[in-house]
Amino acid sequence: MVPLKMGMVGGGLDALVGAWHRRAVAIDGGIELVAGALASTRERALAASIAWNLPRAYASWEHMLEQEVGRPAQERIDFVTVATPNHLHYPVAKAFIDAGFNVVCDKPMTRTLEEAKSLASLVAKVGAVFALTHNYTGYPLVKQARYMVAAGELGELIKVIVEYNQGWLLEALERDGHKGASWRVDPARSGQGGAMGDIGTHAENLMRYITGLEIDALCADLGRRHGRVLDDDGSVLLRLRGGARGVLTASQVLSGEGNALRIRVYGTRGSLAWDQEHPETLIFSRNSGPSQIYRRGEAYLCAAAKRGTRLPPGHPEAFNEAFANIYANACDTMRARKERRAPTELELDFPTAEDGVRGLAFIAAAVASDGSQAKWTPMKDYLN
Amino acid sequence: MVPLKMGMVGGGLDALVGAWHRRAVAIDGGIELVAGALASTRERALAASIAWNLPRAYASWEHMLEQEVGRPAQERIDFVTVATPNHLHYPVAKAFIDAGFNVVCDKPMTRTLEEAKSLASLVAKVGAVFALTHNYTGYPLVKQARYMVAAGELGELIKVIVEYNQGWLLEALERDGHKGASWRVDPARSGQGGAMGDIGTHAENLMRYITGLEIDALCADLGRRHGRVLDDDGSVLLRLRGGARGVLTASQVLSGEGNALRIRVYGTRGSLAWDQEHPETLIFSRNSGPSQIYRRGEAYLCAAAKRGTRLPPGHPEAFNEAFANIYANACDTMRARKERRAPTELELDFPTAEDGVRGLAFIAAAVASDGSQAKWTPMKDYLN
Amino acid sequence: MVPLKMGMVGGGLDALVGAWHRRAVAIDGGIELVAGALASTRERALAASIAWNLPRAYASWEHMLEQEVGRPAQERIDFVTVATPNHLHYPVAKAFIDAGFNVVCDKPMTRTLEEAKSLASLVAKVGAVFALTHNYTGYPLVKQARYMVAAGELGELIKVIVEYNQGWLLEALERDGHKGASWRVDPARSGQGGAMGDIGTHAENLMRYITGLEIDALCADLGRRHGRVLDDDGSVLLRLRGGARGVLTASQVLSGEGNALRIRVYGTRGSLAWDQEHPETLIFSRNSGPSQIYRRGEAYLCAAAKRGTRLPPGHPEAFNEAFANIYANACDTMRARKERRAPTELELDFPTAEDGVRGLAFIAAAVASDGSQAKWTPMKDYLN
Amino acid sequence: MVPLKMGMVGGGLDALVGAWHRRAVAIDGGIELVAGALASTRERALAASIAWNLPRAYASWEHMLEQEVGRPAQERIDFVTVATPNHLHYPVAKAFIDAGFNVVCDKPMTRTLEEAKSLASLVAKVGAVFALTHNYTGYPLVKQARYMVAAGELGELIKVIVEYNQGWLLEALERDGHKGASWRVDPARSGQGGAMGDIGTHAENLMRYITGLEIDALCADLGRRHGRVLDDDGSVLLRLRGGARGVLTASQVLSGEGNALRIRVYGTRGSLAWDQEHPETLIFSRNSGPSQIYRRGEAYLCAAAKRGTRLPPGHPEAFNEAFANIYANACDTMRARKERRAPTELELDFPTAEDGVRGLAFIAAAVASDGSQAKWTPMKDYLN
């Protein structure tokens, strides 16, 4: 396996998500985290780098970029992970891509739809590898679901119900200085979407990944507690390409919910149900005959599901492994580029800048719909 | 226990629901089914009465009414159960109430909202006991959920997600002469609502029973397969009195679903989840501390939940017992009337004609919303 | 349906089980409870008969027998249900069978193995219909499990794990005069077995019903709390005919357990798992391919499972319906006798006096094993 | 965090378990795998080292030991992980401990009980850190269960039911040269125990870890398919110190089972249930009141459970993280030693050589019991 060198912007110290990235790359090996600008101030950035034993500690991402560009090719980082609050995704990712680096970027991809479109154009133009961490599509049984839909095992799709329910913002944590809460409720750092941006985009992406269906129009009702400017709860009716209908809910104020991302897909021949909190099984029901319990690690699964598997059935894998699968495929694609060969379809199975554009368009449309008296807000107004 | 005499209109032979009523009254005893006009033609009505060993078999409900009125008071039926297709609920119920009988009536209460309002006025005027078979509110843990909401254990309510998913109308069974399918897809017999009327009203009623919240406005998207005139799938956003939001889905075309009526209620202090297909447990989550599994039959439950219980925990009760609980309370209320005493609050715990009006208003509003370009359809337009 | 007349001995007033029998016969109709000697004293027996509105109330079972024998054939009861504490099963059942009646009898069939053998001989000799209420074999998916084993879908059986766990005797309820606890811990009324007799025999019967395997030898370890003479907890290793092994546990002192009768059957080709507290599904796993969820009410089930079904899938059935299925088949067999035709195999699907003998032999062997220093206690010592 | 240097013996190439160790140390960082003798032949060992990019590749563990001893202290490995088939655990571990290294060793600890006792004595004598990878005790909710038992929340313990069911040896994979199957069925490499050694010891360890109870005596019935010398299926009755009873089953021939390690612990005040295939919840039932669902990551958990947690609730952790927790505590204990301070109780929470002795004694007693006509085989014959 060609080793890759990784840098990270953001994610240090008390940012939960930095450790997630670090673990995701550690699981499989072959990726070395060598450089970082891990926090927004010089002091915190350097403190974080020491805590992580980073070989190359930078006080700012601009400095990191400048220095890495100047290094000999074999020392230079292959890619940078952008794990900052949302508003910095765009400038950081843009600068590194402009300088010839690959990028792994947290979602939502940018703060605004315009930035997202601009970034996607840039990625397409320069041919960088750009992976967006819609990590839930890394679960093997999500890949199996996508495979079964594509193979026609559900027939024509009729309805999709996707929900992403959390409870951690039920109280106004931002008033107590909770860091993750503070930037998430702040439009200057998060963008237009609150729960819709933070987790609704995961739900939208999961739905689209599994079903292949685009949203044609939507109708959103968003709630805001504690005088928040951004939504913390939302329900959205979906009209999907080809005639299927959907319901998407995303909330961060539902007492008792941890991280309940669940999807059910119904077609003319069968249906699928998957739950992120119990990710090792996928239920497949058909119009007749008993329902079936698909289990990770089994020989009957599709190639993409098998590729994203490390342990035998019954030895449960979970969140970290799914996250690692995003990295594994993105990095194999980077390796293919380094080896000057075309990446395989299995290697290319990770969320891209195009997914990022869809996510920002979804946020924009949902927020617009929430403020509108019209029932349906067409997505095409946001995608063209 | 004062024995009661029961008559039935409809429900005979191949009508599934007649047997449900029969079992529901048999479970506890104290109710004697003595008379019936069990089908829509003379021949079928009499054949059904023979099959059921009915003492007094009538060829039509009109004849039954005439004859029963003429009997001495101690022989006469105390109440009639109306188990016909929807369009007959109104004329049959009205005629029996006018003649001084009590009525147990299947839902939706009538074919039109106007009929519903008229019937409710009549019931109120004459003081009859009128029970609507929203049978799912008969489950003991549904009663416990209602009790806990009313007791403030969830705090102020924020969101309700209620779904009622079936799959049996995925294929066009009505084309093969399937009786239950045929009248349900026919507006002349069903009224305005398809799935919304048949099961959406159950979802609406369950939501209102548990939370006590009225719908202020709704936004519906309804689907129709196989060229059906009536909806067979629908999703509805809800704005609830007091500021809570909701999502209600009801569908009869979802492959693999049996009778999946599920509700989740979220408040500022905790949440509840209940699933009709696993009715013996109720999950209560709080903002802190472990979630709790409430179990039917336990000493810690509220009086209404205990009253509706016949077996110890672990000896599962299910659909028939919940249905029987509707009868048990309605009949105890009838007994109270016979004994010229005021029924207790526990006895009065059954769905009423007022619930029927709400159900028809919900159908009317959902169908209107589906056809409207406006986002929100206010319920008050239908309730006043 | 030929109507049958039923009498009951025991089960009145505060005896839980009497109401279970009453409900079980009421669910399907066609059986009329006309006579009873419902308690052990004259006063209580008559009080219970009044509470139940019994047409023919008797102060003792001896009087009931004498009187019923003297009635004209068309008025006389067709069968008697014996719902007394265990020690009365034998004299009551014997007397009624001697007098030409059919019998439905609670389990364990008698107080001693000798009584059981004697009763089974009598039943065989006179050709009475005798049904033992191992009611858990009445569940449709238990019948499906039996069918699948017999059809070879599991291959050769390797292992059976059956458990029946309750918690209600954890405290010494008998010291507070709890009626059900008092006779169950008393060898004079219960016989040799405590938990092994009360629920262990259910587990043994369920195992044998599904697998068709007899126990060749067993090794039991029984516990007794609160100075009880009879076991209230036990674990038993099983050697089964044909080489399969098993583990049977039965306990009434396990905190938190309601009525947890569960069985898993493993063969060379597949396995089955069923849980009485969630009786509507049966999990079938095969050596390869996804596990399957069998669901009550579906078209793919065997004839015996379909016959024991009253509601469509998703409208849950439970304990009462399973109990009713024992009665339904036993009574259809009685009807066949009255009609002088041979009962069908489906009608003959109910537990018999032979099952009762196995149950008593199991109790005797388990208690002997518990007191023995030898590892294996052969069942043949008890069955010949 | 003081970085540690790690070596590994065995585990390379197609050995599943080597990758498990590698991932377990990678998750948290702070441990550098620098040296290895990864397979049993020179060629395979070196090939594996290349595949893993190991800085110091050795052709044999003897060579590795010799070379590492000769290095300067700051370069030398801090500990060696022994991931070979069972028969090599003893010589390898002994040699490295003798040379002053710490050891992480797979279970069962040795091939024979005598070796186990000898190794434990050596560990005690030289004061090495020795961690045995009973990895299932690394799950946070297992630690919570142990805490709750110790805190008396279950009262006095009455019964323990622990099972470890797999299905992968149902077919005779060893005949097809399956590597993992081949050494596991071979007494020369595995020792006396088959399933009892491979997974039964995990069950025994989990039971003892949670309850703190030693086995006083046991009664085992072991099965062997395909002419195997070693058991592949077993059921064991347990008499536990203090009067509690238990049942332990371990099998590798149960169709459909993945890695079903489950435990239920019952006491006079409450009970606990945990399932390794769904490790994120722990069910706590009490004699009265609703059962409770404990969830990993919550604030209400004990310190040991919190310490072994990396992700918030709902972001599932699983097998790899539990394995990592064994390393985390063992390595923190090594760090404490390097820092010349006493390790804390939380750091010392990992399985030790004493656990290894219990495991081998359990295997020996179970095999002896299986061959004995006596009911009970006392453990003290094996522990003194």
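Annotations
Chains: A, B, C and D, in written order; residue numbering restarts at 1 for each.
Here, a residue touches a chain if its C-beta (ideal position, glycine included) is under 8 Å from a C-beta of that chain, and two chains touch if they have at least 3 such contacts.
Everything numeric here is computed off the predicted structure, so don't read it as measured data.
Between chain A and chain C, the least number of touch steps comes to 1. For chain A, the chain whose average C-alpha position is most distant is C. Centre-to-centre, using mean CA coordinates, chain B is 56 Å away from chain D. With each centre defined as the average position of its C-alpha atoms, the distance from chain A to chain B rounds to 43 Å.
In whole angstrom, the spacing between the mean C-alpha positions of chain B and chain C is 36. Shared contact sites, meaning residues of chain A that touch two or more other chains, fall at 257, 291, 295. On the side of chain D, the complex with chain B involves touching residues 283-284, 288-295, 298-300. On the side of chain A, the complex with chain D involves touching residues 3, 16, 19-20, 22-23, 26-27, 29, 52-53, 166, 168, 257-260, 276-280, 295, 297, 310-321. Contact residues of chain B toward chain A in the complex are 154, 158-159, 161, 163, 167, 170-171, 219, 221, 223, 225, 233, 235, 237, 239, 245, 247, 249, 251, 253-257, 266-271, 285-287, 291, 372-376.
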